[in-house]
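In what comes next, chain A is part of two complexes: it sits with chain B in the first one and with chain C in the second one.
Then we have the complex of A and B:
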């Protein structure tokens, strides 16, 4: 049934937003992490790359004029923010360098909060789209009553 | 005068051909409709089994996609309602015929 298509697209978007939300949680949790496990300096802010992928489906689905141009969203990569770390003077910090400066992660908490609102709202929009698709299908079934 | 039997008549069997494709006419209404309903039931059953599998995956921790489970459940729910509607229609038609004065 074709209303499944819109549910599948909404599902892909919800997965993508969930990945983004995970990354935001990670960024916020590590906003003050001055070490990495591999020994390479402070934590680096991470961001997801979203790609619009043409809807893969059966051959007849691909040939269907109405389904042409439809795209789901996929997370095709997680990139590290390469901006320089925040430098703070704190000689008592165990990770301070010889001059007493500490490299803190390049995470801006306010920016992360704004990203979080964006991720939440986008997720909600996709939930609403899925609900609308479902209620359209149910309304159609009411035709028979 | 030959009164043609119901076998070659028009009815649900033609509205819902058993095997897609315009040339392939079902052998009889009963067979065609039965096959169609059977396929529909199978499809809805598949969707429900899929929803069950998703629930199991979520509760065992194999999958963490809550929305995937909800959407699988919605899909099976809507398909089941569609099946119920088709069944109601078919039953209505049958009862209509049985009520007919001979």
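Then we have the complex of A and C:
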């Protein structure tokens, strides 16, 4: 039992949210990319997979009653959204097919913006939790002053 | 007369309370960290009732000294030390579509409450020690 456990958990979440934020940036930046480097057609929306990992890394942690059930969060994978691309009629586009249709990435800009707000708020909540842990730990050091 | 020397039950109680609130903070941090993890169910540490019970039944649960060679447990707070609290699952009333039961506002509220109570405990403990110092030295 200590406040470093709490800081560990909060920082794992901050790092996970940052990864998600990077993916959202990537999705927004490529909202109109019709080509990928490997020639696989338009860009596909990417999303992070969050997994709650129990804090039982070390023996002492596993034996510690107080830490039972505590979980940090890890990004265990980045998955591509396999929904079909947006189709737009634009015969002048260099990537238009024979009928004049262009396949655009399956990125919905509004959804990405909403995700971005959610990621920001969760990140802020974790910063607040870390700050609370820090202030509580420092308060304890004032005991007996 | 307390067997605990100059440290009374209140100091033990405040110490235990600090310990449990620190654990509860870890738990709330984990809930906030997993606010976006699919299928996660938040947990909370429930200890108030147990602590109250331990305080009321003081003396009852402490092993009695029936032999001169028994080593006595310190003070009245024998059963206080045994309070561990219990981890209970506290999912939101309407979990999201991904099965996540964390309500961020709820957790933030619990965290602030826990933090204020922790700070109050520290302050009480400080005052208790200050009073002891005053009794020993006659001045601060």
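Annotations for the structure displayed:
Note that the second predicted complex is superposed on the first by the 142 of 145 C-alpha atoms of A that agree within 3 Å, B and C clash if a C-alpha of one lies under 4 Å from a C-alpha of the other, contacts with A are read in each partner's own complex, and residues count from 1 in each chain.
Convention: a residue touches a chain if its C-beta (ideal position, glycine included) is under 8 Å from a C-beta of that chain, and two chains touch if they have at least 3 such contacts.
Keep in mind that this is a model prediction, so the values were computed, not measured.
For the composite obtained by overlaying on chain A, chain B and chain C can both be accommodated side by side without a clash. In the overlay built on the shared chain, the residue A:15 is in contact with chain B alone; chain C does not reach it. With chain A as the corner point and C-alpha centres for all three chains, the angle toward chain B and chain C works out to 40 degrees, nearest 10.
In the superposition on chain A, A:138 contacts chain B only, with no contact to chain C. Once chain A of one complex is fitted onto chain A of the other, the partner contacts of A:89 are absent, as it touches neither chain B nor chain C. In the superposed model, A:125 lies in contact with chain C only, and not with chain B. Counting residues of chain A touched by each partner, chain B versus chain C, the larger count belongs to C. After superposing both complexes on chain A, the closest C-alpha pair between chain B and chain C lies 10 Å apart. According to the touch criterion, the shared surface of chain A, contacted by chain B in one complex and chain C in the other, consists of residues 1, 3, 10, 130, 144-145. Contact residues of chain B toward chain A in the complex are 65, 67-68, 71, 74-75, 78-79, 81-82, 85, 88-89.
The touching residues of chain C, when paired with chain A in their complex, are 18-19, 22-23, 25-30, 32-40, 43, 84, 87, 104, 107-108, 111-112, 115, 118-119, 122, 125-126, 129.
The touching residues of chain A, when paired with chain B in their complex, are 1, 3-4, 7-8, 10-11, 14-15, 18, 127, 130, 134, 137-138, 141, 144-145. Contact residues of chain A toward chain C in the complex are 1-3, 5-6, 9-10, 12-13, 16-17, 20, 50-52, 55, 65-73, 118-119, 121-122, 125-126, 128-130, 132-133, 135-136, 139-140, 142-145.
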